[in-house]
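Following this line, the structures themselves.
Paired with chain B in one complex and with chain C in the other, chain A is shared by the two complexes that follow.
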Partner chain A sequence: MIGLRLLAIVVVVLIWGTLTADVSGYPQLMVSIFTNSMSYNPGESVTLYGYVKDTAGTPVPYATVSIQVNDPIGSPLHIMYVNSYTDGGYSDTFNLPMSAGNGMYTAYVTAYAYQWNPSNSLARFSVPRITLYSLQSRTFGAAPNRVYFIYPDYGHAQYKLPGVGLAALSDWSAMGILYGMCSNIQNDGLDTNGILVDLSSGSPVFSEKSVVVMGGRGVHNVVYYYEDRKLAPLYFSCDAATYYLKKRDGSTVGSISISELTDLHRDIFVLEAFTDLKGNAVLIAYGITWKGTFAAGLYLKSVIAPSLASYSHAWYVFRWDDLNGDGMIDLSEITQIANGD
Partner chain B sequence: MSGLIKASGSLLAILMIITMQLQTGRVAAAPIGLLSLDSAVIRASGNVALFILADPGPVNLGVTNPRPPSVAYAALSDWTATGFVYGMCLYMPQVMVLDSSASYVDQSDGRLKVNQRPVIAFGGPAVHAVVNYYEKARLAPLYFYYDQVAGQYQFRRSSDGTVAYSLLSSQVTENYDVLMVEAFTDNSGNTVFISYGIGFKGTYAMGKLLKSRIGPNISAYTYSWYIYTWKDLNGDSFPDLNEISTDPVAYGS
Partner chain C sequence: MTRYRYMPFSSGSRFTALRVGLLSALLLGSLVWVSSLQVRCDPATATVSIQIVGVYTTNSTGHNMTTFKRGQTVIVWVTVRNLGSDLDLPPLGPITWVEVTDPRSAPFTVQFHIGVLPGGGRITRAGFNVRLDYGPGIVDIPTGTYRASGFVSDKMISQGGSFFAPQASATFEVSL
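The block that comes next holds the complex of A and B.
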């Protein structure tokens, strides 16, 4: 059955190749694809969803959407055809087999419709499920030299990616706390160190290790890479009045107005865990300001770590409000505002 | 800033003030072995250990707090070094406050208002009110001294004023620093641990050293103070563990 569907997809792709050449005057479809989680365990249900729109963002209903999910070695695991709804949305749910191996899975989607140029996209998810709790074994309890703590450099501007600026030492404030939590001696270095980081992309050069990074995408090569490629569960965004933390599908999970941040008595921060394309277990923590970043480390050590088993989601967003006005982050001033996978 | 080099305002002026203050010798409190860090702090019950962070100033904090005379605002890299030890603690939470907290620290001179507590105070006397107090009062085993004539940074023994370690001030650069850690009991029964470098990198390096090298073998650290050096061997300006001297360049009780 899968073989037949694969054949059908190949045929469709070949036809598209022809059509693309012949129908260049047709309007362009735009298709997106997301997963309801960044990671799953074998046997769990996976929901894929997205939207088919035109280039102006207007929904395109009744488009045909072909979906193919490949396992980590590139073999088709799931193939499905669906149609977009009247709002342009589509979804598809399937169960991972119990035999699903560890690694990165890729979901490919192609949308096509009569007298439209087709569009394709992809999304990735990993097996097994990774949560903050996973970090106990993969990071804090890891064997020696299995974890890389990567600091955002405050110098060496020539080695920062476009769009990434120099950090301040305040961005380092909580790294010591997280390093101190480790059972063993681990590695560390700067995000401008070519031995650790591919300076053309920001990707760590190593694989099957653990990574801890603190600081936002504006100052950290590695965080920039993970957010820019939508590999992290959440990413930073802003407009003229507000800072946002958003999911990969663009939905907002946390926000704070710029005016709220000006006096340094409030912040929001994220703690998120995920697996990257090289099989590294990644922990990203940062606030919009340095206080949120420090609060992330302090809260992880002081509140989360003692009951880590109960933190079964991949990402958490918190808010800090300086209730006593002393400017210092007190644990009682931190509240969780969102979580997810 | 963590140590002294990046103190806001005139470094020389601050050093001279501190030097004059520290020349008024007093009797040191009881030194204890650094190994007591394990029982006093790492294994402390929750809400017992007191981590005192140097106030980073209104620009960073959003609040303007008074400072004792000759104490400047700190850089946040000192907090990183403190974090290494906080992260090592087995029981949570522990108390973390600013040195500008009037509930814990007498803001006129930096004297602690608590007793019988384990206390962590990382940062040099130019930026940390509590460290400034202990050095000025000669309660810490060592105190920092800038010898203008010799052009040296010195760590001197509070007990007799003799030089425990010195180096030319020109030696301290972006790629070289000295780092010190010491333990003692003050007159109020507080078990105090102070650490700092001349520059902020030294302070950071000592945090890393405490976690990665000293901590796993803490029982061997029976002396009350240790001084190490950091030399940037790979030129990245980042203190790597293997760049910190294997053995202390000076130690004592």
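The block that comes next holds the complex of A and C.
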């Protein structure tokens, strides 16, 4: 009888331990997910990739990675189970159906490993493919009042998001170049205007329109929103010595040292197109300094627009070097340093 | 292939009754036959042993078939063995899934079934009705080899769920 009671105690203790042990005692997984492009056409190949790591950034191999891709109305389009490689990376490739509808698709991922707390993440992409060229009909050639030119405010600091400061009027000059490219009268307003912009997030309040913004995330609520949410293809970053333009997966596509910018004779700038969560077609252009932003406007108007059909990527990064030292931006001084989707 | 997953329960309150029962059993000096308990569990914190036994296709009368014509209906069956306890994960789990991809490796359809997976090594079948066209009157789906893959998850991946085991697959042909 004593032996039986002892056995019962052992069984119960084992079961109890199984049921009540604290799952929070396990280390936390961290999973990321990216797409090889921000947008696709029906029939094109989509590659999802990412990494499974611990909180210190050490790769976690052989984790199970579950993927679900939903279409724009939220129905599952694709599912997959893979394992992370020895470097913590994983990938999955599938082809979009020819019948894939337009809109925003969402790829969800969950990473799980034995005696780890699971982790989730998501990435979005849109259909159809959007490029600088494809923006032509939705921006510069759009019907009247379909496009919103949103200027970075040089006042009303109280309506700027934390981390966003007042703009320089030079950003407005660059915007004027782009507005002048439009065939029709379009809307405009400030990034501090609550009628156009949700001032708690920086998101435009309208949908299914087009947005043109110039100026970086440091001065523009809307650019801050798109970069902070990783909705834009590229985002600004910096350390003590260098400014960077990076892709959503953290890889650098352009950089310039801070010391190079001090005399305003060189800069890098970005031109990028994408679709936001409300179906707006967005064009962002900015340099690290005001001269780079102005150069973006000049280059788009004078070089890109005349041969727009050849600009079949979603984003481009350029560098300007004032080779003749006159302080002015000459188009021949601008070189493309990267592009992508 | 079977993937055994173990994570302890983190929420004690739901198991108060179970604990009382176990304590009573201890006091009475009797053994508890655990596998007879219907344990409802949080999927992320449960002991789960799921094996996808296989995937196969039949026609709508249940005869095994691997060759179909455009416009026909194929039933894709996913068979799952649950070596653990009965698996019931309300409100939306467990989920048995099937994805059918066309000859271009594009998803043709993703369907899922939500329901209990009885444990104790029992096998559950889930059948999915796949009509081989794009919609009423449209029969221009590609011909060639289609692949049907079966999965089982605790809940929607979009809700933080994960698949229990690697998928199993079968192929079938679609002709004019």
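Structural remarks
In this text, the second predicted complex is superposed on the first by the 319 of 341 C-alpha atoms of A that agree within 3 Å, B and C clash if a C-alpha of one lies under 4 Å from a C-alpha of the other, contacts with A are read in each partner's own complex, and residues count from 1 in each chain.
We adopt the following convention: a contact is a pair of C-beta atoms (placed from the backbone, for glycine too) under 8 Å apart; a residue touches a chain by one contact, two chains touch by 3 or more.
Treat the numbers as computed from the prediction; the structure is a model and nothing was measured.
When the shared chain is aligned, chain C comes close enough to touch A:Asn70, but chain B does not.
Legend: residue contacts after superposition of the two complexes on their common chain; A:Ala309 is shown touching neither chain B nor chain C. Looking at the shared chain after the overlay, A:His78 reaches chain C, while chain B stays out of its contact range. With both structures placed on the common chain, the touch criterion links A:Phe94 to chain C but leaves chain B unconnected.
Of the two partner chains, chain B is the only one touched by A:Met175; chain C is not. Of the two partner chains, neither chain B nor chain C is touched by A:Ala143.
Against chain B, in their complex, chain A makes its touches with residues 151, 155-156, 168-170, 172-182, 185, 188-190, 192-193, 263-265, 290, 294, 297-298, 301-303, 305-306, 322, 325-328, 331.
Residues 56, 60-63, 75-77, 79-89, 92-94, 96-98, 101, 200, 204, 207-208, 211-212, 216, 236-238, 240-241 of chain B touch chain A in their complex.
If you check the complex, the residues on chain C that touch chain A are 3, 5-10, 12, 15, 18-19, 22-23, 25-26, 29-32, 34, 44-45, 47, 97, 99, 101-102, 104-108, 110, 112, 134, 151, 153, 156-158, 160-163, 165-167. Within the complex formed with chain C, the residues of chain A that make contact are 1, 4-5, 7-9, 11-12, 15-24, 26, 43, 64, 66-68, 70, 75-81, 94-99, 106, 108-112, 114-115, 118, 120.
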